[in-house]
Amino acid sequence: MTLGPSALLPLPVAIPLVFCAVMLATAHLLPGRLPDILATLAALSVAILSGMIAVHAADGPLVYWFGGWEPRDGVHLGIGFGVDAASGWIAAFIGVLYVLTFIFAWGFFDRTHGHFHILMLLFLAAMIGFCFTRDMFNLFVWFEVMSVAAFALTAYHLEKSALSGAINFTVINSLAGFLMLGGIGLIYAQTGSLDFEGIASAVGRGGRDPVVAGAFCLVATALMIKGAIVPFQFWLADAHAVAPSPVSVIFSGAMVSLGLFGLAKVSAVVFAGSDQVQHALPTLLEGLGSITAILGGWMALLQRHMKRMLAFSTISHAGIMLTALGALSPAGTGGMLVYVVGHGLVKGALFMIAGILLATRASIDEIALRGLGRGIGPAGFAMALAGLLLCGLPIGVLDQGTRLVQGALWHQERWIALAAGAIGAGLTGAAVLRATGRIFLGLGPDPGDEGGAPSEDEREKANRPLWVMLGPCCVLLAFDVGLPASLIANATPEAASAFMHQPSVSAKAEGPAWLTWISVALALAGAGYGLFRTRLPKLVIRPLRATQSVPTRALELLHSGLIGDYAAWLAIGVALIASILAVS
Amino acid sequence: MSAILPLLFLLTALSGTAVVLVRDPTRQVFVIAVNGLVLTILFDALQAPDVALSELAVGSAAVPLLYLVALMAVRNQLPGKES
Amino acid sequence: MSVVSNILPYAVAVWLFGAGLYGIATSRNLIHLVGCLGVCQSATYVLLLGLGYRWGSIAPIFYDHPPGTPAVDPVMQALVLTDIVVGATLTALLLVLTIQVYKRSGSLDPEKLRPMRARQGSDRAEGSDRGHDGKRTVL
Amino acid sequence: MTPRIRVALLALAGVVLLPGAAAVITGLPPFGATIAQYGERINAITPEARHVANMVSAINFDLRGLDTLGEEFMLLAAITGTVVLLRGRRGEGNTERALRRPGRAVIPRSEAVVLVCRIAGPLTALFGLYVVVHATVTPGGGFQGGVILASGTLIIYLGEGYAGWRDAVRSHWLDGLEGGGALLFTLCGLAPMLTGAAFMQNIMPLGTFRDLMSGGLMLVENLGVALAVAGGFTQLFLEFMEETREADELDEPGEESA
C-alpha cells in the first residue's frame, strides 16, 4: 500500500532502535570496539536515509500512516509521520552530527558494555521521531525519550557537580514534560484530534478560545524549557557544563535547537488558525529571544570554565533563533532552520575542542590552561575559526543563516531583535576568542597561583590519539564553511514555506552586510579587552568596571544552581507567557 | 455514583497535598503509597481499569519500593565516606 | 452541586500541580523533592482522565457489554498509561541520582548542592567557577 | 534567593495565572459531558476491525502502537541509565555475585515465611501471566503484567534470602529479556513492511472477538512488552537492592574480599 519514498519514513527511527535492542540483549558478549562500530554504522544509516527522505520531500511533503491507519471520514485514527524537506534535512544533519560524535568518542567509554552507545542511539532515534512526527502525543513521547536518555547521559561522570547538574536538568525538564502533556490533553479535549492537521483545522474553525490559548501556553513553555529560553534557561548551563564532552556536543548542537524547531512547527502548523496565538507570538518571541540572546552572551563572557562558557553561548544563540521565529514569515523561519544547522556544526566543533583540552591537558579552566595549548596548534586554529564563525565571520552556513534571519527582521523593522542578535553573537564570539588567545597563545596577564593545578578528576580518557578527536571537529567546521551557499540559498525559501504550510514566496531579503561585521568587531574588541585589560590606561578601565559590576553581580545571584529557584522562575515564566497571550 | 466521584477527587487533592506537606522522607514513603492507592480507586471509578491496574502495580507498589530502597541505601551510608 | 462537579476535576488538577511545584520550590530533601514531582505528575493523570470521562458510560472494554455501548474515551486512558511509565522511569532515575549525590556530598539538601559553583576542595582546581573570583581574572 | 522570596514569586505567578486557569477551565466542556470524537470513533470501529474487546490495548498495540514503542524504549533508556549510574561506582566486576553484608547477622527465616513465599511466588507469577495474556480481552496487558511478574521475583528475595535471589536472577539474562522483548516489538513493526504493508500493520489472522487469541499481531507485541517490562523492572529492583548492600560493605573495607 504505502510504497515509494514514503515507505522510508519509519526506518531512520526503527534502525537505531533495533541496534539498541540487539546491543542490550547481547551486552555482555560484545567485544571491545564493536559497540563503537555498530553505533557509528547506525548513525550513518540514519543520516543517509534522512538525506534521501529530504531529497524526495523536496517535491512535496511525504506522509506515512503507521499500522496502515489512514484517516477515515476526516478522523485521524492512527499516528502519522509527515516530513517536509526542512524536517528531513534537519534529521540528516542530526545523523551526521551523531556519526562524527561517535568517531570523536571512539574508545571514550571503554568498560560500559555499550551502555553509552545504547543511550546515545536512543537519543538519536527520539530526535528523528521528534522531527518527523505529525501527532501531538507522539511528539510528547519522543520528547520524553529524548529527555530520559539525556538525563542519564548528563550524570555519566558521577562527579558531585555532574550529579547535581543532572538533578536540576531532570526536575526542570520533567516539569516541562508534564506541562506539555497537560497542554496536549486540553487541545485534544477541545478539538477531538491529536493529529497536527486535525487540530489545526479544528482550531481554525473555533475562533477565540481560552482553552486553545492555554494549551499553546503550556506546550510552548515546555518547548522553550527544552530550548533554554529566559527565564527557563537555568538548567542548561548546569547540565551542559558537566556532561561528558561527546554528550555536550549533541546537547548544544541538536537538542536545544530541536526544542525551538518543535516550537516553530507547533506554532506554524498546529496553532496557525488561532488569531490570539498568532498575535501574541511576535511580541513573545522577540521579547524573550532578545533578552535571552544578550543575557546568554553576557554570562558566557563571565565564565572561566570553558564548557560552561560554551553552554551560555548556546543559550545566547537559542535566543537569536527565537527572534527569527518571531518574524512569523517563511524568510525568518527558513533563516532559523539554516541557523540551527550552522550553529550545530560550529558549536559541536567547539565542544569537541573542549573535550580535546580535557583529554590532553586535563583541565577545562581557562585561567589554568593559559598557554598550555601551545602543543596542539591545530586545535587552537580550529577554535579561533569556530569563534570567528560564531560571531558572524561572513562565510559558511551559520553566516548564511544569520543573514537570512537578519534580512527577515530588517524587513519587518524589528530593531530590538536585530541589535540583540548582533550583540549576543558578538559577546559569545568574544568569550570564545578570548579563551583561544589565552589558552593557545598564552596571552593575557599571568594568573600566578590563582590558576591552580589541573585536577585529575576532570580528566577525560587521555589515551586516545589526537587525530581521532580533532578529525571530526575539523570535519564539522569544513561542513560549515564548505557547504555550497547556492544550494542552501535555492532550497531554503521553498523548504521553509512547506515547513510552515504556507504558499511559497520567492522574495527573500538579506540583512545589510555591515551588521555581521559589527558582531565580529564587537567580538574582537571584547576578546582584546579581556586579554589586554591591564595594559589599558586606568582612566578607561574604571568606568568600564563600574558598569560591569552591578549587572554581573545580579546575574550571578540569579544563576544560583538551586532547584527551588528554578522552579519559581518556571512559574514566573508561565505566568509571563500567559499574560502576553491574555492581552493579545 | 455522582456523589462518589467528587468525593474521590477531593480525596486525591488531599492525599497529593499530604505528600507535599509530609517532609520527612521516611514517613512520606507511606503517604506516597497511600496516594497511589487513592489514585487507583479514582481511576477505577473513572472507568479506567487498565490505568488503575498500572497505577496499582507501579504507583502503590513498585515506586514506593524504590523509595524505600533508596532510603535504606542513604541511611546505610556514612556520609561522604566514599571518595 | 452541578457547577462544582462540572469543574472540580480540572480544579483538582491545577491544585495538585501547584502543590507539587510549591513542594519542589521549598523542599529541603531530595527524596522529598522527588515525591513532590510525582504529585505534579499526578495532576496530569487527573486532568487527562477527567477530560476523557462521560457520565453513565462503561469502561472501554466490550467484554461484558456489547460493542456500541457508550464508553468513556479510551485514547485518554492510553495516554495516561504512557504517562505512568514516564513517571516510573523518572522516579527511578531521580532516586539513583539522589543516592549518588548523597554518597558524594553526604547531604540530601538541595540548598547545599550547587552545581559548578562553590569551592569543592580537592574536587576542583583552586579558584572557584563562581563569578566574583572569575570576574576579577577573566574580565 | 531566600525561600521566602521564592514562595512570594510562586504566589505572584499563581495570582497572575489564576484568571487564566479559570478561563481555561470554564472554556472546557463540563466534566463528564462528552468525550472527544477520536475516542468515540475508535470505540465504534475497533471491535469490528480488530476483533478485540479491550479498546485501550487496541490503541496501545495497534492504532497508536508507535507511542508504545517509544514508551518501551523510554523504559529501556531509564533502566540502562540506572545501570550505568549505579554500576559506574561499583565497577562492572561486582555485578555478578551478591555482595555480602558483613557485620550483620543474617536473621534465619522461619519455616512459615519460606513456605508462604514459596506459595505466594508462583501465585504472583501466575497472576502476572494471567494479566499478560488477557491483554486484548480484559483490563491488563504486557506492561501491567510485566510489573507484577517483576514484583513476583522479589518474593523469592523474601523467601530465599538475598543470595538465593541473586542466584535465581542473573543480570545478563535480564539484559537479554529486556533487549529481546524490545527487539521483538520493533521487529513486529518492521516485519509487516517486508510484505509491503505499513510499519506495524496488523497482518496476522485476527482471531475471534472476545477470544483469548484475538488481535493478531497485538499478541506478539504484547509478549514483547511483557518480556521487556518484566526484565527491565527486575533489573531495576536488582540494581537498587545491590545499592543497599554495597553501602554496608564499604563501611568495613577490611572484608572487601566478600
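The chains carry the letters A, B, C and D, assigned in the order they are written, with residues numbered from 1 in each.
One rule holds for everything that comes next: a residue touches a chain if its C-beta (ideal position, glycine included) is under 8 Å from a C-beta of that chain, and two chains touch if they have at least 3 such contacts.
Values in this document were obtained by computation on a predicted structure and should not be read as measured data.
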Original post:
Which chains contact both subunit B and subunit C?
Top reply: D
**OP:** Go through B-D and C-D and name the pair with more C-beta contacts between its chains.
**Re:** C-D
**OP:** With chain centres defined as mean CA positions, report which chain is farthest from subunit B.
**Re:** A
Subject >> Mean-CA-position distance for subunit D and subunit B (Å) >> reply: 17
Original post:
Using CA atom averages as chain centres, what separation in Å is found between subunit A and subunit B?
Top reply: 36
Original post:
Cα centroid separation between subunit C and subunit D, in whole Å?
Top reply: 18
**OP:** Determine the centre-to-centre distance between subunit A and subunit C, using the mean Cα coordinates as centres, and give it in whole Å.
**Re:** 24
Original post:
Which residues belonging to subunit D are in contact with no fewer than two other chains?
Top reply: 3, 6-7, 10, 14, 21, 24, 26, 28, 32, 36, 38, 42, 54, 56, 64, 67, 71, 74, 77-78, 81-82, 85, 89, 139, 143, 236, 240, 243
**OP:** Find every residue in subunit A that makes contact with two or more other chains and list them.
**Re:** 137, 141, 144, 148, 151-152, 155, 158, 186, 188-189, 194, 560, 562, 564-565, 567-568, 571
Subject >> Two or more partner chains touched - positions in subunit B >> reply: 5, 48-51, 54, 58, 62, 66, 70, 73, 77, 82
Original post:
Could you list each pair of chains that touch, in label order?
Top reply: A-C, A-D, B-C, B-D, C-D
Subject >> List of subunit D residues in touch with subunit B within their complex >> reply: 32, 54, 56-57, 89, 131, 139-141, 143-144, 147-148, 150-151, 154, 233, 236-237, 240-241, 243-244, 247-248, 250-251
Subject >> subunit D contact footprint on subunit B (complex, rising order) >> reply: 5, 48-54, 57-58, 61-62, 65-66, 69-70, 72-73, 76-78, 81-82
**OP:** Using the touch rule from the top, collect the residues of subunit D that touch subunit A in their complex.
**Re:** 1, 3, 6-7, 9-10, 12-14, 16-17, 19-21, 23-24, 26-29, 36-38, 41-42, 45, 62-67, 69-71, 73-74, 76-78, 80-85, 88-89, 92, 172, 175-176, 178-180, 182-183, 186-187, 189-190, 193, 196-202
**OP:** Could you pull out which subunit A residues touch subunit D in their complex?
**Re:** 1-3, 7, 10, 14, 17-18, 20-28, 64-69, 72, 75-79, 111-113, 115-116, 118-119, 122, 125-126, 129, 137-138, 141-142, 144-145, 148-149, 151-153, 155-156, 158, 186, 188-194, 209-211, 213-214, 217, 557, 560, 562, 564-565, 567-569, 571-572, 574-575, 578-579, 581-582
**OP:** Within their complex, state which residues of subunit C touch subunit D.
**Re:** 5-11, 14, 18, 21-22, 25-26, 50-55, 57, 59-63, 67-68, 71-78, 81-82, 85-86, 88-90, 92-93, 95-97, 99-100, 103
